[in-house]
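Shared between the two complexes below is chain A, which has chain B as its partner in the first and chain C in the second.
Here is the complex of A and B:
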């Protein structure tokens, strides 16, 4: 499986997946024209990582604005993590936000609901 | 037929069929066939019942599964909607903040030129509808560059803040006061005659002279402003009113500052 490195734009987040480290990072704004197209490689990478390795997976996010289809896609990724967690896999999410913008933190908390795997919302 | 009844019947019929005494009896042959047919039917009925039961169980399971999936999807959609609404609320609030910021002068907190222009245009329209004028006062701090040079930008900024505060104080609800640029301020006075506006500005001049700016006070200096007034006439282009006020301000400066000049009526 390949690493991912998708540079961010004004409307899409920067995406980087490091297979060796077992880390997926996404940061920036996310209101793409086609969220499914943008996030399909991310989804596939997470699925492949969980299927082909048994190493821990960490997802680090620093997302600001998410449009509705991005919200749904991010939830789909969290669902993958949740079912992996049910199979005793070591998975975790760290969602960073600027403490000047508390509402981003509140939104991350809303994403955390229903997730039983370690999910940290971190102000910085 | 219940299994018990069937077994009881079998217990009675089988010995009769097996009994060699009845061999060749015409009823024995018919009874044998009836008994066999009955057994086949019972067996088929059992199979059918079993099949039907399994179908029903399957359908019930599937329905339950779909029900669960439906519930899950519904919950998911509700969450997406809630989070999405939250994001939109956040954006709207940011927009409001941004709009407010875009109409405010950062240093002095009074309206900026954009806000003043918007108010002026509203007043021009109102004046056209109601055939009433309004007065524009162009105000400039006297010798501001010298204050900045002699006492530094911090004192200069403080002077701007204090002048803005004094100019904006005690205005009527429908008046506007803002920073036009640099050390220049603009007062918009609707429903006001030129003579009344002159009186208002005269009090502003006095208030500015009485301001105590640290640094300036030490050297016995005080701030002063000059003002140029122009009354907007219904139908007059806004730019003309503003340039007449500018001209009057220039006249006040030329006459020695710390005073008010009024623009003549437009030709």
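Here is the complex of A and C:
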């Protein structure tokens, strides 16, 4: 499986997936019209990593704003982690946010409520 | 438009403390560019980051809804024109947007928005959570069905939607949101 390295734009986050390290990072704003399409490679990478390796997976996020299309897609990715966690896989999310803007912290908390794997919301 | 008419329009926009006003077909890049301008105006106004994000989020959801709708109905450029106004009233930002819709769609939309407007924040949150967990519509996988709920959650007053008098099979739909 390949690493991912997708540069960010004004409305899409920078995406980097490192297969050796078992880390997926996404940072920036995310409000594409069709997030389903944008995140398809991310979804596929996470699926492949969980299927083809048995190593821990860490997702590090520094997403500053998400439209609802992106929110739905990020939830799909977390669902993959949730079912992997049910199978005893070592998975975790770290979501960093700027404490000046409580909205993104609230959003991350709402995601966290639906997940039972380690999910850290970290204000900076 | 002659000078007097233009001046009258300008005065009208100044009076209603308009930050941003647009009428015409909207593209993906136009939404981004106006979004950037909006962010800058909000910064200049020294709006708190959370409130600025509420305004921006409502603007994005509303304009992307219009884009998705006019594309799904395969409207011409002229028919897919959006009217977008962001202004300030009584200490609140107000985001308003309107576009042509099929009459029957418009009636359904107004009904759905009125139902959302009657919910309190806790009910909206519960509805949002339920919708987030629903499987995607295979016909429209890009749609999360969350946009209007998100807009209602960011509003500080009940949403106001209306449908103008029918123009043939269509009518002008408008939604106004107080942040």
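In the analysis below, the second predicted complex is superposed on the first by the 124 of 124 C-alpha atoms of A that agree within 3 Å, B and C clash if a C-alpha of one lies under 4 Å from a C-alpha of the other, contacts with A are read in each partner's own complex, and residues count from 1 in each chain.
Quick note on the criterion: a contact is a pair of C-beta atoms (placed from the backbone, for glycine too) under 8 Å apart; a residue touches a chain by one contact, two chains touch by 3 or more.
Bear in mind that the values here come from a model prediction, so they are computed numbers and not experimental data.
**Q** With chain A superposed, do chain B and chain C clash or fit?
**A** clash
**Q** Name the chain, either chain B or chain C, that contacts more residues of chain A.
**A** The partner that reaches more residues of chain A in the superposed model: C.
**Q** A:103 contacts which: chain B (first), chain C (second), both, neither?
**A** In the superposition, A:103 contacts both chain B and chain C.
**Q** Name the contact category of A:3: first (chain B only), second (chain C only), both, or neither.
**A** Neither partner.
**Q** Would you check which partner chain A:72 touches, where first means chain B only, second means chain C only, and both and neither mean what they say?
**A** It touches chain B and chain C both.
**Q** In the overlaid three-chain picture, which partner chain does A:52 touch, first (chain B) or second (chain C), both, or neither?
**A** neither
**Q** For A:33 in the superposed arrangement: first (chain B), second (chain C), both or neither?
**A** Only chain C is touched by A:33; chain B is not.
**Q** Which segment, 1-9, 109-117 or 127-135, is the chain C region that clashes with chain B in the superposed model?
**A** 127-135
**Q** Quick check on the output: what are the common chain A residues between the chain B footprint and the chain C footprint?
**A** 65, 67-68, 71-72, 75, 103-104, 110, 114
**Q** Within the complex, which stretch of chain C touches chain A?
**A** Checking each residue of chain C against chain A gives 28, 32, 35-36, 49-50, 53-54, 56-57, 60-61, 64, 67-68, 129, 132-133, 136, 141-144, 146-147, 150.
**Q** Quick one: in the complex, what on chain B touches chain A?
**A** That would be residues 76, 79-80, 82-84, 86-87, 90-91 of chain B.
**Q** In their shared complex, at which residues does chain A touch chain B?
**A** Interface residues on the chain A side: 65-68, 71-72, 75, 103-104, 106-107, 110-111, 113-114.
**Q** Give every residue of chain A touching chain C within the complex, in rising order.
**A** Where chain A meets chain C, its residues are 10-11, 31, 33-37, 65, 67-69, 71-73, 75, 98, 100-104, 110, 114.
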